[in-house]
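The same subunit A turns up in both complexes below, where it pairs with subunit B and then with subunit C.
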Partner chain A sequence: MPELIAPLAGNVWKVLIAVGDKVEMDDEVIILEALKMETPIYCDDSGTVTELRVKEGDAVEEGAVLVVID
Partner chain B sequence: MSRKQTPLRPYFEKMTEIGKELREGEVRRSQANVDLVREQEELIAQEIQRVKNAGIPAEKIHQRGGMTIYDRLEYLVDEGTWHPLHSLYNPTDNVEGCTGVVDGLGKIEGKWAVIIGFDNKVMAGAWIAGQSENILMVTDLAKRLNIPLVWLTNCSGVKLMEQETVYAGRRSSGAPFFRHADLNHMGIPILNGIYGTNPAGGGYQGISPTILIAHDGANIAVGGAGIVGGMNPKGYIDEEAAQALIEGTKNFKGKAPGRVETHFDQTAYFREAHDTEEGVLDGIKDYMRMMPAYDPTMFRVAEPAEPRLAVEDLNMLLPANQKRPYDAVQVLARLTDNSEFMEYRPDYGREVFTGIAKIDGFPVAFVGNQQGVFPGYPDYANGEYPGVGGKHYREGLIKQGEFVTLCGRDNLPIIWLQDTTGIDVGDLAEEAELLALGQSLVYSIEQTELSMMCIVLRKGTAAAHYIMCGPQANNNNAFTLGTPLTEIYVMHGETAAAASYARRLVKEDDAGNDLTPTLEKMNQMIQDYQDKSTPAYSAKKGFVDEIVSLPELRNYIKAFTCANYQNPKSITPVHQLLLPRIING
Partner chain C sequence: MFNILKELIYSSGAVSLTGGNLVMWLVAFVLLYLAIKKKYEPLLLLPIAFGILVVNLPLTFLMEPEHGLIWFFYHYGIEQDIIPPLIFLGLGAMIDFGPLIANPKTLLLGAGAQAGLYVTFFAAILFGFDLQEAGSIAIIGGADGPTTIYLTSKLAPHLLGATAVSAYAYMALVPIIQPPMMKLLTTDHERKIVMTKLRPVSKLQKICFPIVTGMTIMLVVPPAAPLISMLMLGNLFKESGVVERLTNAASNELMNIVTIFLGLSIGATMTASTFLSPKVLFIFFLGLFAFVISTAAGLLMAKFMNLFLKDKINPLIGAAGVSAVPMAARCVHKVGSEANRRNYLLMYAMGPNVAGVIGTVVAAAILLKNLG
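Moving on to the complex of A and B:
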């Protein structure tokens, strides 16, 4: 199952999807905030969101799994 | 059998391809960005239209049988080659809404020239505030690119009601006459098409160029004939003096001095006199054909080619949201011939890219900020913080200084793609010598004899805006372009508000006072920074020389490059270039 990973440590600023949502490749699903920058997380595959492991405001480490897509 | 080829073919014929096509999803999610870019473009277009409509309506000039400056430019400049500059420049916020001159880079009879003319709709081309600065930028551009300056003079002289804003001072409206002398002295010709009445300042504007071509209705003179009263001994105007002035004016029958009868028939200052406005422009075209210009074959290293990837993609690639990173190589790939680039030291100083590319077949250099996050970099931070794109660190500054120095040796004009938030700060940065390395880059730029152009893609901030060949590099920077997404300020408004009010906030908080008034001031400051850093504001104040749509950037880069190679003052034989060998190893 494809997982979307945090490329850097930061805070979850916006969650743009919910469990059960259908997503397509290159959709923007989460925005991290770190170092005064927004880092958007894009889907690298199409499918359905089966797990959302973070919520807005959470601090995440680099490499943390943010979303699971089936 | 004869054989011919471009020089150093193994290096230049096929360089490394960069960039990739946008995927369907990237295109889809970028539409909102395109809308934001277009919104800014629309604001700029409205401002430009306002400037074009300044002064009396064009129809009035047409009814008199005359041409406006825009008509003259259209007739004079080769189709599709006009690249306007300083369109919105109006640093002192004149009531006229412009500086009364129109200028840009364009081709005439196939040769590049810097072209400037008085807007004859605006007080018949009067000297107004901000105009001399505008003209000095233009004469500097001709000097930098070593190409002819073409004037369309139509200058009524000082706007007398505001003489103190134009007449006196080091960079006032008299300074361009010395610049014209300087250009002539350097061997840079100035062609002058002369229209209308040009007394005093207009007279020197008329006489100072190299070649003078007049319309039959034109004159140039030390002073006008309209000054019917001299000094009034009373020192003021009373009823009696006013009546004398009225009589004098009514009975005045004199013609303007310095007409074609004098300066063609008698003094022979005018090389040509034409009974039509177009005739004057045809005369300029004739002289342009005589101007020195190498055939491009002399300096091209490959056949010209458009980028492999579409320039229109730039509206999707460059995020309007200034907090969003992007892949700067994707931007570069939309600007260079065939989307090719030979990168210099890609693994060193990752926050900037430096390298060689081709523009219209000519070799050029690019330097720009990369974006994103660089974990484990810079070394001197010892993992305390990661590097972020747009900032400058030790390696990047050293790399830029080295690269610029080599470009100077190789005579490669440099195009700077700025999107910078500054140079790293703090004790670690000071120990890493960033202050000196920033100035070292300034020295590297200054010691070259190169023409450079700067594009502020998004942010131009702090000293980084200077050291990346911003317009402050007076001797090298030919011109600076902004885009619909440009923001230029010493620091972001929020940072500035925090720096200015943090102590006050602490004080008020300790005293148990309401923070609202301080917060209001801080937010006002943030808004003020926003208002005074927009693309239109940057163009009006001269932070940039023009705001250009993203897909149009490539055309300006081509104009800069081709003009640079038209008649270079110094040549490095292509087969003796060092940089391609250093890059390829």
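Moving on to the complex of A and C:
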């Protein structure tokens, strides 16, 4: 199953999707905050969100799995 | 009765007001506007602007040597060089040298971006500034407020207000000044370069970095010691992980307290008689020149390094070699993501950005050693 990986360390600022949502390639799904700057994270695949590994306010490391898409 | 009234009027500041004072009020109000409405570096611009305002109220004697309230802040805080190193202590407790440790070649970018300082130094001399003044103006190119204040207070204290305000102004204007330069000097293809993942940095490496780097720099350029020692102590607080209270005190309470006195004192050096001269206003122009050349030098240095590197770096990160932390790194990130929305350059840009802080301090120390 394709996973969406955090490309940089930061805090999860906004989660724009929920489990069960259909997402398209290049959709903006999560916004991370690092160094007081909002960084949108885009979907690498199309499909249905099966799992959300983070919630708003979480601190994530680079390489952490954010979302699992089927 | 009439006499008392007359006396009151004559002893009031209003009759001693000069046209210059009114111009300085205008400067203060513009800075207040930029700080409050536009949120340009408000933590500094706001106290600076207020300092300008009150020192241009006649007969208040706030900057009167040995008497005035703000003079004491200025004398002990800035003339005696207490505050800039304390700001560096807080800065050290906040910055993460990890990206620099993971990718040490970005140190070259931090050094390359100091080229603007040296170009401006000679430009300022050509325009009739003396050596000490030229050194103080050139350091603006590093876009590092505390270092600029530290150097100017030693070399050319009469220019302190102008150099400090222009350093902070250009730090705030990074997102406006840098992107056009970045686009001019890089191709679309270069801006799209996605960099290889940074290697992980161990806790031990992060603890050793401030000790080893600090000792090395202080051995090679001893005049850098006041700023570098505090920067590295702050960083050691943070990375050691055992003195969280000191880390917090240095980066929050202490930093905030000294920022108040720093801003107010800097503002209060700007009386109409010292500030309103063509020479001082020209400093803003030369400072901008220094900053632009530094940005260009960082970008070109990165492109030059790419000639030799197998894993190409995105040349945009060279622009972060100026030391405005983290504004310059944010700016790189933004311009990079405009070229390729999956390009996340923020952490890669932090390497040259923190290297730029060290580079500017070393450049200041070299100027101080030769001109002081």
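Keep in mind that, in the parts below, the second predicted complex is superposed on the first by the 70 of 70 C-alpha atoms of A that agree within 3 Å, B and C clash if a C-alpha of one lies under 4 Å from a C-alpha of the other, contacts with A are read in each partner's own complex, and residues count from 1 in each chain.
As a convention for this text, contacts are C-beta pairs under 8 Å (C-beta built on N, C-alpha and C of every residue); 3 or more make two chains touch, one makes a residue touch a chain.
This is a predicted model, so every value here is computed, not measured.
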- [ ] Applying the touch criterion given at the start, work out whether A:18 contacts subunit B, subunit C, both or neither, answering first, second, both or neither.
- [x] neither
TODO: Could you tell me if A:62 is touching subunit B, subunit C, both of them or neither one (first, second, both, neither)?
DONE: both
TODO: State whether A:1 touches subunit B only (first), subunit C only (second), both chains, or neither.
DONE: neither
Task: subunit B or subunit C, by number of subunit A residues touched - done: B
Open item on the list: One more residue to check, A:35. First (subunit B), second (subunit C), both or neither?
Closed with: both
Open item on the list: Show me the subunit A residues, by the header's touch rule, that subunit B contacts in one structure and subunit C contacts in the other.
Closed with: 7-8, 26, 34-37, 39-40, 42, 62
TODO: State the interface residues of subunit A toward subunit C in the complex, per the touch definition above.
DONE: 7-9, 26, 34-37, 39-40, 42, 62-63
TODO: Spell out the part of subunit C that touches subunit A in their complex, as residue ranges.
DONE: 197-198, 326, 329-330, 333-334, 337, 341-342, 344, 346-347, 350
TODO: Enumerate the contact residues on subunit B facing subunit A in the complex.
DONE: 23-26, 28-29, 321, 323-325, 373, 375, 385-386, 388
TODO: Under the touch definition given earlier, write down the residues of subunit A that touch subunit B in their complex.
DONE: 7-8, 24-28, 34-40, 42-43, 62
